[in-house]
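In the two complexes below, subunit A is the common chain; its partner is subunit B in one and subunit C in the other.
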Partner chain A sequence: MNLYHIDYLAVSGTSGLHRTPAGVKLCVLAGVIAVLLTWRTVPVAFSTLGALWLLAAFEDLPLRTLLALVSYPLVFLAVLLISVQHLTVAGALPLVLRVLALTSAVVLLLLTTTYPAIFSALGRVLPSGLVTALFFTYRALFILSGSLDNARTALHLRAGLSWRHPAATLRNLGTALAHVLVEAIELSQRMAENLTVRGFDNRIYTLERRP
Partner chain B sequence: MTADDIIVEIHCLEHTYTGGVRVDLCGTDFRVTRGQRVAVLGPNGSGKSTLLKHILGILQPTKGKVVVFGEDPARHYNHVRQKIGAVMQNADEQLIGPTVFDDIAFAPLNFGFSREETRTRVEEMLHALDIGHLRERLPHYLSGGEKRKVALAGALVFGPELLILDEPLEGVDYTSRQEITAFLHKLHADTGMTMISTMHDMDLVCDLADEGYIMQSGGRIDLHGRIVDLFFHHDLAQYNLAPPPLAQLVTRLNAHGLHLPLTLDVEVLAEVLGRR
Partner chain C sequence: MSHIHLPDGVLPLWLWAGGYLVAALLLALAWRWGRRETDAKRFALLGIFAAMMLLVMSIEIPPYHANLSVVTGIILGPALAVLAAWIVNVFLSFMGHGGVTVAGLNTLVIAIEMLSGYAVFHLLRRVRVPLAVAGFLAVIIGLGLGTGASYGIIVAGAPTINASLRAPETTHEHEPGPLTDAAQGGHLDLHRLAILMFGFGAIGWILEGIISAAILVALNRVYPDLVIRAETARIPES
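Then we have the complex of A and B:
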């Protein structure tokens, strides 16, 4: 999934959810989290998940994209579930449904809200330093995904990725990741400099979306 | 010339980066007065960007003095930053808004302009740089030239007195280069805005600057003068720089006894040659 695509959908969408203020959507997200943490049952998780997907369908959001993004955390959840001893379907189902519901709520927010609007709304309730850190992290992800792609291509071109030599491949991947990490640190510094020059002082201001 | 006319003054600057890399910018004093267009030239790693970062107040000197608009920019950054617009080397890292419109509006909103005033100014910049059609586009999807134009719009939208350009046309295609150069020309002619730029393309230097400072590889500022004088009266090879083709042609023809005027203007040269 191309990260830029999320941005594109958030900016270019015209649905009712897109027009809803970011603050309201964040409150709904907080509500969803509270419900899922309070009532850890299958019916509640299933109803919440169903309601969110109905809303997405009603608002004509791209359901395939939603599904692709929601499925990412399931990979990690699967690893967790495999490690649990004597796992039953009844034990796993509430967990899977709750993760799906929570992820769906977060993805719906990201697909319908521009990132400065999210961080601007968060800035009203969270410490500005924390919001700035989150803002930088999110913005840097877009640039670093490009760096990761470049590193992967470079390894490919120089035969650094091969299923026949898993140990060497892992070593090469580690080196590439280390390179991207160093780049990330330098990037964050340059981004901070650029934003300082443009008057950024830990507050995020946004213009209302034009009709 | 009054003290107010001196926009930037740097004396014997030295900077040590974390990790111990030292950039010594001592040598000829660096001074830029109101309305000047100055180019900082030198080989890679000579400290051109370091110099610009000191002017912007991003770095604090280890030694030496930096004065911008009469203040130390590293200490009194809030006093001077609204007077300086900057386009840095990598436009990607400078663009922060989800759309071009939002990105250009970023600085004015930070500087406390009203939303209405911000909208008006952004519209003016979109029109001035002829990028109105990009208004709702996402910055990631723009071409290199378009990104530069958006970054330039974002740097000028709040009406700075000094414009800093770090390799402004690096990696930009021919058409966009011509458009951006023409825009900067007109901007200077109309407003007299002070400009400081670094660049490697010597043809561009002739278009975008009247004076130049040349730095050695270690960072020392060695030469200062009018661009024409720097290109015709100094051996730039020792600085890993080559004069633009026109300057090289005139120099070679003069070596053959043609006695042509030392000019970087093709029209002037054509007229002289035509008369002969």
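Then we have the complex of A and C:
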């Protein structure tokens, strides 16, 4: 889950899908979900999956990244399928194809649309406070990501994560995370002070990118 | 981490749509209750903790990953914690980590973890249980209840999942007599699922419990007011 890479692909891309307004893409995504959940057959799932991947190839999107992100939910689906008795390939195939198609649709949106654009589009239907909270989280993700990387490096330099001493390792991990949280809380306070100075009124205003 | 990692297309419509409805009601309540707290400072803290939850999920302790839901619930308090649960699930669903359709249900599951963890932590602190022990037990009980909710959701959706797993060619509609289990096609073994979720899950709860207790103890050293405020903020003065 490399957020930097995903965000970079969404921000820097210039394909037709990147230029399509986020609201349109969200509506298409809702349509794809509705189709796949209404007609739960192999041909529908397979043709939708094929169409989405062809679109990704046509738009020159990084197919390896797409594959990595799409295969992630399959791991979780596998846990569910382990709990199935008398599982057959014919029984599992429609479910697997449907999950692959639905996830491909979501990931295509993610790779071609920036989070701020998605939040702006969601802002038309959601209360402004919720959308503001989403923007704050998006900003905090990148600020905290650096601190977390530093904590990881510090952990490895000190003792690393050794499972010979699990309790000590977990305590060290907890202390490292607390260190990041202390830094994060300080950052949040500074961010809040800056916003107050700038006249923050519980709302984030965004400019829409022209196609 | 006990939220449902189910992708889209597995659970029935009535279940996930109902999940959205109940989550929307809970969010509306949390929004109304937390309105007095939605100043810049609280928004920033909410964003930071939601982001922290998302980032911590990338630290894998195979086959488990932490999420700090109970710590977030304890620090933010019930109203903002529910909002944080929703935010985290919106991000996760757009990453393909959990489906878009199950985001409502997952919000409920994580909110249950946060709220129950918060309540247990306060209860234990009132009877003077040490901070680390209170934090550890709050995580165990919170994640246990969250897992219970996840299991309940899957049990409710089991008939639809079983129907999805029955391939058309295994139904043998024209053959007379009772069908064998194998001929009926696959079906979810809820006993096996319970062992997977609660058995392996319990190991994860203990791991997260130790990490969360260490976080609370360390945070209390630097920001005692944050943890103490979290302990007393919503307890009426007597």
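The rule we apply is simple: the second predicted complex is superposed on the first by the 126 of 211 C-alpha atoms of A that agree within 3 Å, B and C clash if a C-alpha of one lies under 4 Å from a C-alpha of the other, contacts with A are read in each partner's own complex, and residues count from 1 in each chain.
As a working rule, a contact is a pair of C-beta atoms (placed from the backbone, for glycine too) under 8 Å apart; a residue touches a chain by one contact, two chains touch by 3 or more.
Given the structure is predicted, the values throughout are model-derived calculations rather than measurements.
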item	value
First, second, both or neither for A:L69, with subunit B first and subunit C second	second
Touching partner for A:L177 - first (subunit B), second (subunit C), both, neither	second
Of subunit C and subunit B, partner touching more subunit A residues	C
Which superposed partner A:V44 touches (first subunit B, second subunit C, both, neither)	neither
Touching partner for A:V35 - first (subunit B), second (subunit C), both, neither	neither
Which superposed partner A:P116 touches (first subunit B, second subunit C, both, neither)	first
Which superposed partner A:V106 touches (first subunit B, second subunit C, both, neither)	second
Contacts of A:I82 with subunit B and subunit C, given as first, second, both or neither	second
Partner chain(s) touched by A:R139 [first = subunit B, second = subunit C, both, neither]	both
Touched partner set for A:Y4, first subunit B, second subunit C, both or neither	first
Contact residues of subunit A, present in both the subunit B and the subunit C interface	115, 139, 143, 187, 191, 193, 195-196, 200
Interface residues, subunit C side, partner subunit A - complex	5-10, 13, 27, 31, 38-41, 43-52, 54-59, 68, 83, 86-87, 90-91, 93-101, 154, 161, 164-170, 181-182, 184-190, 192-193, 196, 207, 210-215, 217-219, 222-223, 226
Residue ranges of subunit A in contact with subunit B within the complex	4, 7-8, 10-12, 114-116, 139, 142-143, 187, 190-191, 193-201, 203, 205-208, 210
Interface residues, subunit A side, partner subunit C - complex	1, 6, 29, 33, 36-37, 40, 69-70, 72-74, 76-77, 79-80, 82-88, 90-95, 98-99, 101-103, 106-107, 109-110, 115, 118, 127, 129-130, 132-141, 143-145, 148, 152, 167, 170-175, 177-182, 184-185, 187-189, 191-193, 195-196, 200, 202
Residues of subunit B defined as touching subunit A within the complex	53, 56, 58, 77, 81-82, 84, 86, 88, 90, 92-94, 96-99, 101-102, 105-107, 109-111, 115, 118-119, 136, 138, 140-141, 154-155, 158
